[in-house]
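Alright, structures below, take your time with them.
In what follows, chain A forms one complex with chain B and a second complex with chain C.
What follows is the complex of A and B.
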C-alpha cells in the first residue's frame, strides 16, 4: 500500500527538484535573487534556448540526436544579417530588408536541417556522426561568411525582435515582456500543435517508439524522419535570428555549445533517448534548470572564471540525477 | 581462460580489417600524395611537398591524429564513441603546464599526472555510460564542455607558455633525426596493435562491439571492457595533449578542440565501423597520413583556415557515406 504523498512525489519531474534546490540555495546566498526583475530576466535570457531546445526535443523523441543545432543557429543568424545589410545597401526599405533577411535565415536553417536529416534518414548514417559533420560545415561556413568577426546591424524593424515590448507600446505590464519571450511562447504553441494535433506529430512519436513498427503500419518513416531534422533546423534558425536581433549583431561563435544546452534541457525535461518517451512541456523545465543555474551563479557572485566549470558540472549531475530518478520511478510503479 | 578464448574466437567476425582494404587505402594515400606534389609545385622552388623536412612535418602532424585516433578506434570497436577527446587533450595539457610552470614540480611528475588524469577522465566517461546508463554521445559530449570549463578555470582565463627544454624535447626534439612525436606514435601504435589483435582483452573489444548480448552470455564483462576502452582513449588523448604543448610551447583552454572532427574523420576513413565490432588500426594510420597530407597541401597553397575546416567537415560525411556504400556493395 502506498500513501498518497509518495505517489504524488513520484509524479514530480526531477527537473522540478533541481529548480527548487537551486532557487533555495540562491535565495539564501543573495537577497537580489528572488525578485520579479530577476525572474523576468531569467525568462527573457532563455527564450532563445527554449526555441532551440524544442527542436532538440523533437529529434530526441524520434531517437535521434542533432549536434549541429548550435552551428545552424550561428549560420542562420549570420546569413539573415548579411542578406539584410546587403539589401539595405541596395536601397531596400528597412521592412523589406527585414522580411527577406529573416526568410534567408529560415531557409539556411531548413537547408542545414535537410542536409543533416537527409544524411540520417536517406543515407542511414548514425545521427551523431552525420550531425557532427554538418556541425563542422555550419561552423566553418559561418566563419567564412563573417570573416571570423561580428557583423553589426541597426535595422530598427529587425532589432525590434530582440527588445522589450514597453519600448513601443506604453503599458506598464508590458515591461515584463520582451519580443524573444513572446516569440518563444508562440513557437512553443505551434510546436505543441504540431506534436500533439497533427499526423506529423504522431509519426514522430511512432518513429521514436518503434521505427520498424511504424514503417510496417504504412508510415513513410524515411520522409518524416527527414522532416524532423528540417523542423529542428528551422527552429534553430529562429533562435539564431532572434538572438542576432537581441545582440544587434551576428557573431561567428555565438552558438558554440548551444546544442549541448538544448539537448541537456530536453533530457532534463524528461525526454528519454530510448523509446520516444517524453514531451515538450518538460523541456520548459529543463530550460529553466539551465537558465536558473546560469543566472544563480551570476547573481550569487561566483567569479566568471568558475562559472563554465560549475555550470557544466551541475548540468551533468542534473542529467545523472534525472536518469537515475526515472529508473527508480520505473521500478516503483 | 581457454574456454573464454574459444568462445571469443567464435564471436569475433573480423579482427583487424582485411589487409586488402588497407591496400586500397594505401593506394588512396599515394594518389593524394602525388596530387599534392603536383598541386603545390612552384616554378622557383620546385616540388615543395617532396622536401624531406616537409614530409617529416606531414608525418609528425599525422602522429598526433594517430595517437588520439587509436584510442577512438578502440572505443568505436567496442560500440561506443568518445566525443570528449578535445577537452581531455586540453585539460591534461593545461594541468601538466601549470604543474611545471606555476607549481614548480618536476617534469616526470607533470607528465605522469597528465597521463593519470587523462585515464581517470576516461574512467569517468566509462562509468557515466555503463553504471549511470547515459548514451555514449551524451555523456562524452557533456564531458567535453565541462572539461573545457575546468581547463579555463585552472588557467585562470589566461594562457601558459614557455616550458623547460627537457619537456619540449618530447614535442620538438629528434632522435636519430626522427621527430619525437613520430617515435611516440610508433611505440603507441605497436603496443595498441599487439593489444587489439593478439590479446584476449583485444578480442573482448571486438566481441563486446559486435554483439554485446552474445558477449555477455559467453561470460565477457562487457561493462568492464567498455570502461577499459574509455580509459585507453583518455590516456592516449592526454599523451597527445602533452606532445602537442611540448611542440607548440604554449597552451590555452581550448587548444584541443580542433581535433575532434579530424580524428573522427580519420577513424571512419580508416574503416572502423560505427556499428561496432570492427576496427582497423592500420586503417586509422593510413587515413591520418591522408588527412595530414591534404592539410599540408592546403597550408602550402595558403588555403584559409576556415575553408580547411569546411573540407574536414565534408570529409567526415563523405568518408561515412563511402564506407556505407562499399559495405552495401559487398
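What follows is the complex of A and C.
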C-alpha cells in the first residue's frame, strides 16, 4: 500500500518541481527576486506567451505542430495596428478604429491558420513542412507591411489592453492585475471549455489519439484538423494584438522564436507529441517555467548575451526531467 | 538421414498468449525440391516459416540444417547457414539501386572503399543467371513488383543460400510474371536449391510443387508427393471436421433491402463486385486473407475510393460518399484491427462510446459529462462490458470488452447496417459467444449485418447467406443450407476452377475421339 503523501506527490506535475527549484535558486542569489512586484511582473510578461502556448498545445494534442504561430502573432499585431492607424487618419473614432483593427488582427490569424491547416488537412503536407512555409510567409509579410521597423500607436482605447487595471479604476488591489493577465485568464477559460466541453475538443483529442480510428468513426477529420489550426492562428493573433497594445507599437520581429517558447511550454506542461496525451492545465506551468527562468536570469544578473543559452539548457533539462518523471510515474501506478 | 536433407524441423511447438500456433509440427526440405506449405488462414504457416528463418524461437522441438542441430537461432545465423526468406513485404531499400540492394551489408571493397565496378559486375552476373534484364543502377522504386521479387532472389543467391522460403510469392504477380517466377524456381531447383513455398492457390501446386505439407490449426496433417494427391484430398485435409462451437441463430424471413452494391471496381482487389444486404439477415463474407474482403468493406464504408460502381442505401442511390456521410446514414464498420482503427485506447470508455454520435447527442456543440457517462453506463450494462467505471481508459480492458466498446459506439449512433470485420479475432470463447449473441439480437431487431470472417465455423454458424471472394471477385453466393466448410474452401482456393478445367479437358478429349 502506498502512503497518502507519495500518491499526492505522484500527482504533482514535473514542471511544478522545476518552478519550485528555480524559485529557490533565484531567491538564494538575489533578494529582489521573491517580491510581490516581481512575481506580478512575471505573470504579466508571460500572459501573451500563455495565449499562444494554448494554441500550440491544441495543435500538439492533435499530433501536429505549428511553427508559424510566432510570425502569425507578429503579422496579426502589425495588421491590427495598421488598420487602426489608417481608420484614425480617415477620421474614425478611437473606439471604432480599435474594434475594426482588432477584427483585422483576428482575421489575419484565422486566415494564416486556415492556410497552414489547409495545407496540412487538405493538402496532406507534413505539419512541420507546411507550418515552416507559412512561418516564412507570415514573417516576410510583417516585414514588408512595416518596412521592417516598428509602427507606434497611441489610440487610448486600444492601448488599454496592455495596461494595468488600476490606471482606470483606483482600487489598490488592482495594481497587481493587468489587462494582458486578465485576457489570458479569460482565453484560458474559453479554451478549457472548447477542449473539455465541446465536440470540437473531443475531435481534437480523438484525432491525436487515433486519427484512423476517428475517421472510421465517421468524424470529418479533414475539416476538424483544419479548424484546429484556424483556432491556433486566432489565439496567436490575440497574443499579437495584446502584445502590440502593451508595447504601444507593432514591431516587425516581436514574435520571432515565440513559436518555440510556446511549443516548449506545452511540452514542459506534459503534452506529448504523440497520441493526444496532455492538456492545457500543464501549459500554464510550462509557461511559468520559461517565464521564471528568463526573469530569474535577469534579476540574478546573468549577462544578456548568455541568457538564451542558459534558458535553452534549462528547457532541455526540464523536458528530460518531465520524460523521466512521467515514466517513473507510469511505473509506480 | 542422408545428406540430401537441407533443413528439417522436428516436433516444433510454439504458443502465443491464448493460442497454440504450432503443435508438434514436422517439415523437411530436400535438395532441389520445391516443398509447398498449405493450410487455411491461421493454420500456422507463417509461424512455421518465422521459426525456420530464425525470427521466432520454438517452444519445443529442434531444427536441423545440413544434419546439424541448430541452437541460438536468429535471422543472422539462419542467413549464414544458407536460409533466405522472401516475405510478401520485400526487405528492399526503395531509394537505393539494384546492385546496392543485392550486396547491402557485404559490399565488395577496394582500399576500404566500396568497389562499385565489381559490385555492378557481380550483380549483373547474378541477374543474368536469373534471365532478368534490368540495369543494376536502376532504383528499386522504379521497378515493378515482379522485378523487385527477382532482386530479392538475387540477394539470396549472392549470399549462396541453399534454401529459399517464399511467402505467397505470386499474390501480387500477373499471370505472365507468375510463369516467369515458376521458370526461375525450376531453374533454382535444378541447381540444387530447395524452396519452401507457401501458397493459398491450389492451381499452383501441380505446376511448381514436388511435395506438399498440410497444416491445420497448428497441427501437422500430412506430407505427400504432389502427384499422389488430388485437389479433393487436399481440401479435406485442410478442413477440420470438428465444429464444436455452438452458434445460436434465430433465422427469420428477411426484410427490406438495406444495401445494394453493383459492379464495384477498384484496383486488383475489387473487380465487378455486386452484393446486397437485407434487414434481418447476417450475410457472411468469406475468402482468404488478401482476397479483397476488407477492401470491399472499406470501399462500401466510404474510407477508400473506388473506380466505378453504384451503391444504394435503403433504396436510394448515394452520390456523395465518405465515412462521415455513411455514419450519418446509419452504416457502421467494426474494423478487424480494433486497437488501431476502432478505438482511441488512451481515452476513457465513455468517450470512445459517444465519439461517433457527438453530433446528434449534443447538437448544441457543448458536451455534458454527466449525460455522456449516463449513456455510456447504459451500454456498459446492456453489453456487459467488464470495466469498473466508464472513465476507465480503454487500453486496460480485455480484447472482448474492447470489441464491445466498439459495438457500443455504433449502437449509440443508432446504426442500421453493421459491417463486422473479423468480429471475434483474438477474443476469448466466452466473449465470442456474447458477441455472436448480440449479432443475433441486432438482426432480430431489424438491423442488417455483413460479417467478414476467416473462421469458417463462424461463417457457417452465423450467416443466412455467404458470399465467397477470391482474387478480388465474388465467386459464389451460398445459402446457409448449402454452405459447408468444403464448399467454401473449394471456392475460396479455386478448386472449382481446377475441376471445371479438368472436366472441360476430358470432354474435349472425348469429343476428339
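The rule we apply is simple: the second predicted complex is superposed on the first by the 329 of 333 C-alpha atoms of A that agree within 3 Å, B and C clash if a C-alpha of one lies under 4 Å from a C-alpha of the other, contacts with A are read in each partner's own complex, and residues count from 1 in each chain.
The definition used in the following text is that a contact is a pair of C-beta atoms (placed from the backbone, for glycine too) under 8 Å apart; a residue touches a chain by one contact, two chains touch by 3 or more.
Computed from a prediction, not measured in an experiment: that's the story for all the values here.
K.L.:
Classify the contacts of A:277 with the two partner chains as first (chain B alone), second (chain C alone), both, or neither.
P.N.:
second
K.L.:
Return first, second, both or neither, reflecting whether A:22 touches chain B, chain C, both chains, or no partner chain.
P.N.:
In the superposition, A:22 contacts neither chain B nor chain C.
K.L.:
Per the contact definition in the header, classify A:220: touching chain B only (first), chain C only (second), both, or neither.
P.N.:
Touch partner of A:220: chain C, not chain B.
K.L.:
According to the contact criterion defined above, which of chain B and chain C contacts more residues of chain A?
P.N.:
Looking at chain B versus chain C, the one contacting more residues of chain A is B.
K.L.:
If we overlay the two complexes on their shared chain A, which of chain B and chain C does A:315 touch? Say first, second, both or neither.
P.N.:
first
K.L.:
Based on the superposed arrangement, let me know which partner A:324 touches: chain B (first), chain C (second), both, or neither?
P.N.:
The answer is first: A:324 touches chain B but not chain C.
K.L.:
Applying the document's definition of touch, where does A:212 land relative to chain B and chain C: first, second, both, or neither?
P.N.:
Touch partner of A:212: chain C, not chain B.
K.L.:
In the superposed arrangement, which partner chain does A:129 touch: chain B (first), chain C (second), both, or neither?
P.N.:
first
K.L.:
Where on chain B does chain A make contact in their complex?
P.N.:
Counting only chain B, the residues touching chain A are 81, 83, 128, 132-135, 137-138, 141-150, 152-153, 156-157, 260-261, 264, 268, 274-275, 304, 306-307, 309-310, 312-314, 316-317, 320-321, 324.
K.L.:
Can you check the complex and tell me which residues of chain A touch chain B?
P.N.:
It comes out as residues 65, 67, 119, 123-126, 128-130, 132-137, 139-141, 143-144, 148, 257, 260, 263-264, 267, 273, 304-313, 315-316, 319-320, 323-324, 327.
K.L.:
Considering the complex alone, what residue numbers of chain C touch chain A?
P.N.:
These residues of chain C touch chain A: 301, 303, 322-324, 326-328, 333, 335, 340-347, 351, 355-356, 358-359, 362, 365-369, 409, 413.
K.L.:
In the complex, go through chain A and note every residue touching chain C.
P.N.:
Residues 193, 196-203, 205-206, 209-210, 212-220, 275-277 of chain A touch chain C in their complex.
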